[in-house]
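Heads up, there are several structures right after this.
Common to both upcoming complexes is chain A, partnered first by chain B, then by chain C.
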Partner chain A sequence: MTTLTLSQHAAPGGLALDGSGPAASVELRGLSLAYAGRPVLDGLDWRLLPGQVVGLLGRNGVGKTTLLEALLGLRDARAGSATLFGQPLATLDDATRARIGFVPQQSQLFDWLTPRQLLAYFRSFYPKWNGPKAEALLARWEIPQDQQIAKLSGGQQQRLSIVRALAPEPDLLVLDEPVSSLDPIGRRDFLRELVEQVLDRGTTVVFSTHILSDLERVAFNVAFLAHGKIAVQAPLAELMDDCRRLTGPASRVDAHLRAQGLTPLSRRELDAGQVAVLAAHADATLPEGLHAERLSLEDLFAELTQ
Partner chain B sequence: MSESLAFSINPGSPEPIYRQLMEQLRRRVASGALVAGQELPSVRELALALAVNPMTISKAYGLLEAEGLLERRRGLSMVVAAKHRHARSQAERIALLRPALQQAAEAARQLEVGPRDALELFKTILQEEPK
Partner chain C sequence: MSAAALTNPGGAFAGLSPLRAALQSLANSQTCVSWGFWALLFVGVPAASALIKPKLGLLLLAAFVVIALIGLWGALVSSLLNQNHPTLARLVPGQPRRLRLVLVLSYLALSVASELLGRAFDEPRIGLYAAATLAYFATGVRWPLTWVTTALFGFGPLLVRKLPLDGRMLVGELLLAAASPLGLACVLAAASVYLAGFVRDGGGAHGAAYERLQKRRRALKASVAGEAVQSPWFLGTLSLRGYGRSFERTLARAAAGRAGFDRVMLALGPQSHPATMLQGVVVLTLLVAVGVIGLWLAGSFQHSAQVGEGFANAMFGLLGVMLSALQQVHASMVRRRPEQGLVSLLPGVPRGREFNRRFALALLRDYLTPWALGMAALSLLLVPLGGTRHALVAFGVALLGGGLVLWRDWTGVALIKGWLAVLIYVPIASAAVAARWALDARRLDTSELLLVAALVLVPLYAWRWRVALRAPMAWPAGRRG
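Coming up: the complex of A and B.
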């Protein structure tokens, strides 16, 4: 793995990839959006390619939900453009809309219906509907079909919301904290279902979660949202292989970065004139007084979402 | 998937999952638990069993193929390469253990845990049931 591949992937919004490759499932350019007068997305560029499974990471309140909703056209951007499968979001046709599955953070189900009624209702909107799959998931995930949705547990409602999103066999699946109410076994089973979608249909998946262990298993790519932009998007394994956290006195760290021609991905001031930087740094001998360490996903999260 | 191929995935470590898989396969071949011609689970099977992205499995298999540990048979199945007919020698297996212990030694030094206590702990861990 070279530092070159990493720096390409690490270019903001993956701009290095512009103009080449297959049509993106999602393409956002210069997206800006304010919420209650406060800017949330600030000229954000983002590109998701077919078949990619991308984990969206960011601190609480940084705008992950806003970004996912804007990507689906549920929020109006102040500036910028969004296309899904090559079509401008504003004029998306029904056929393209039907290729998208969304599991919102708060399941928005019609809770006076039963799961059976709900699925029958949604079925009428989609050209494709995998009934047997929906049935199998309901049975496996122990969702009673004929009980009022309002009376289901939080976990059951969340699973029903996932079944509803998967049944139309979407080409793009957007999941906002889909597993927050599921227990570890339920989460593992859900992850298997995602893996199967990817294997069978090459579905593009983007999901946000704070459960990093789940994300590490299933997301081949990770995107870090900070200050209204995608700070870094790259294959997680490459980030872990190539990145080191260098710590030491600021002047020495900076001199070393300059000498190696490295641009740090993040920088954090520590006590007593020390800094910690994240850089694509091969395991090489370090100048005296500098320390390099490998990072787990949690460490990457801490450094890249500050 | 047979019991002997029950991989353990450790999310949260600085070791990417594809490397964890590679290391576990190398060890099984070295110990003779996996021998020449033995078929590995397909990418699909393993991805579903471990709930891991299929590209992560492909990456591990592909790199082990390049390394000469695995071979791709007609179709897509992966088998242990022909040259790995027997378990590696004791000396070679010990050499494979060295990097893991080196890391542990580094941690012990940083924590200023002396050799006697560190060895005592290692003995205890060796006797524990595997996770």
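Coming up: the complex of A and C.
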């Protein structure tokens, strides 16, 4: 698959965000990380701007959790650099750390404590803690405060993890599959809270998920992780409106892309010399023998992460 | 004849299929590392010893073979009891019968083989001892609480001495009779009936017993893996209480603007918290105190030297408590990575070298506090009895060395599973036994032993301190794994 990295963003037809502009909340440059010699992140560049909501997509085992952990300095990268709010990860000061909220994939954390104890513990570290908001969320999401966390349901544990991350009112919220254990009502509530957080405070939010319908509801941007890189990052609406799957004989497809100055986002060989190419604005002045089709988010996911 | 032919479901030995399942389960639980370890232990150590002293090599080989056979027997009994699921016992035709057959045949085979080996070496009681030992181990697997009785073994000689002469003669005659071919046959028959009773045929009572056994196994596994907080045992509840009190105190200090590193250490959970480690020492001290008082009430203090010898085994108890504490630290470091990740992102938590310095000091403090209290309590109880001083000094010094494993680079740490988790016992227990031997055999006196220990441990601690400080930030552990 052809990937579109930050260096290619300026290419005509490129859908990804431009790297220039306001100071980034998160900036990763050339991040590489391997497990037992198998590269998971491979010179990955990524930039998240204040107030941006990004849904991170990728197939199982592609490295979404690793990327989110490396972004926060919880995994050591083999190469590359990462900054949060302009500070290198290794030297984050307390003021910057107070601006970060993280919901890890495992929600059964501090399971020997009760929710009340857990929140008291974390409150003791933060200079700013929105207690009433935490209380209100606990009540609204029906989380018993004095029951051991280990005895809460998976959904309650996940909600508690979200409350803990939201209470210090972070400027950067990193969520690793935050809704995987929630029922549809719980997911809707959570997404509403997330949108309010962004609208009220301009928080930068990045979250990984497999539930594409949730992305369509809340993510203003989506980023596809494949082969150790961010293959594409773009506003979701733009991606859905502009992206087309172009199929036809390989030579004709290539000629059309060249003529239109389009950069393919993905390319898949089909039978009998045919190819399927994903590109923006690919249906403009379509020559004979080529076929262009709009894609659902699920199809886009399949094309971009194969 | 191959093992597959022996246990082929359709073959002549189909009745032995539970044996095949047990062996497969045992093989599946091993890794390349554990196979390597076993090979080193069973071949390497005796071979190396034989190079120095051939007789020692042979002795070690014999000892390891016995240990391996007992270990295999324990694993077999455990697997057969596991296979004896109440639903399967009811629904699978002939399953309980096959389980009984394998259990009893294995028992008889091992006992008879031991008897024949004993006769070859002119040791006629070996078969009887093997039969008794195997039955005892099977009982321990079936009812884990009966392991407590091992604590009484140290008092065996004392109990025999307390018997009147007639009684002692009777015991001797009974042993002789039981070791004869007819006597041994009777013992084996009785034990076979007893063991066959371990396997049940389903039903409500079986279901409840099976669930209880599984619960105990999970608790035991969890305590090794650092998840003992979910243990149904009363000790789990106690450890939570001690941790809870410390939690409240630490947060109160933080609220008063005196947030120390203890607040960070809370993220490792109750399993490795000093309150939990202390609880083990307190329980051990209470058990020893009850024993001492009991013997005093029974008027056995005229044999105070023997009593002291018996109680010297309490040092193995302290060894178990302290090394279990080290295991819990290791397990908590691995199991609580997500918690460590969250806490290391928080404001007010030291970074890098400063974090490592405070973390290393906190770990050592948490290890040395129960060590010092345990040593003090056992010394107070046992030194007046006499016969325990060497054990106290030897084990105390060896356990000081145990703290070395706490100072390391934690970023590459991984979970150690199964028997490898108890590997840490080997060097420390060996050092303790060697030190005690050196004192008992008067190769060293106490002050010389302490000097040797200081000469060895001080440079080692200095080296580990440098390693711990120079390593990348210890939390979250295993992030390079």
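The rule we apply is simple: the second predicted complex is superposed on the first by the 281 of 306 C-alpha atoms of A that agree within 3 Å, B and C clash if a C-alpha of one lies under 4 Å from a C-alpha of the other, contacts with A are read in each partner's own complex, and residues count from 1 in each chain.
Following the convention adopted for this analysis, a residue touches a chain if its C-beta (ideal position, glycine included) is under 8 Å from a C-beta of that chain, and two chains touch if they have at least 3 such contacts.
As the structure is a computational prediction, the values presented were derived from the model and not from experiment.
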item: Chain A as common anchor, with chain B and chain C clashing or fitting; value: fit
item: Partner chain in contact with A:Val198 - chain B first, chain C second, else both or neither; value: first
item: Touched partner set for A:Phe85, first chain B, second chain C, both or neither; value: neither
item: Partner chain in contact with A:Tyr126 - chain B first, chain C second, else both or neither; value: second
item: Touched partner set for A:Glu216, first chain B, second chain C, both or neither; value: first
item: Partner chain(s) touched by A:Trp46 [first = chain B, second = chain C, both, neither]; value: neither
item: Touched partner set for A:Phe207, first chain B, second chain C, both or neither; value: neither
item: Which superposed partner A:Ser296 touches (first chain B, second chain C, both, neither); value: first
item: Where the C-alpha centre of chain A sits as vertex, the angle toward chain B and chain C in the overlay (nearest 10 degrees); value: 140
item: Chain B versus chain C as contact partner of A:Phe224, first or second or both or neither; value: neither
item: Smallest separation in angstrom, by C-alpha atoms, between chain B and chain C in the superposition; value: 27
item: Where chain A meets both chain C and chain B, residue numbers; value: none
item: Touch list for chain A against partner chain C, complex; value: 69, 72-76, 90-92, 94-95, 97-98, 100, 102, 104, 106, 109-113, 117, 120-122, 124-127, 150
item: Interfacial residue positions of chain C with respect to chain A in the complex; value: 229-230, 240, 243, 247, 251, 254-255, 259, 263, 266-267, 269-270, 338-339, 341-342, 344-349, 351-352, 411, 472, 476, 479-480
item: Residues on chain A engaged by chain B in the complex (per definition of touch); value: 53, 188, 191-192, 195-196, 198-199, 212-214, 216-220, 236-237, 240-241, 293-299
item: Touch list for chain B against partner chain A, complex; value: 9, 11-19, 44, 47-48, 50-56, 59
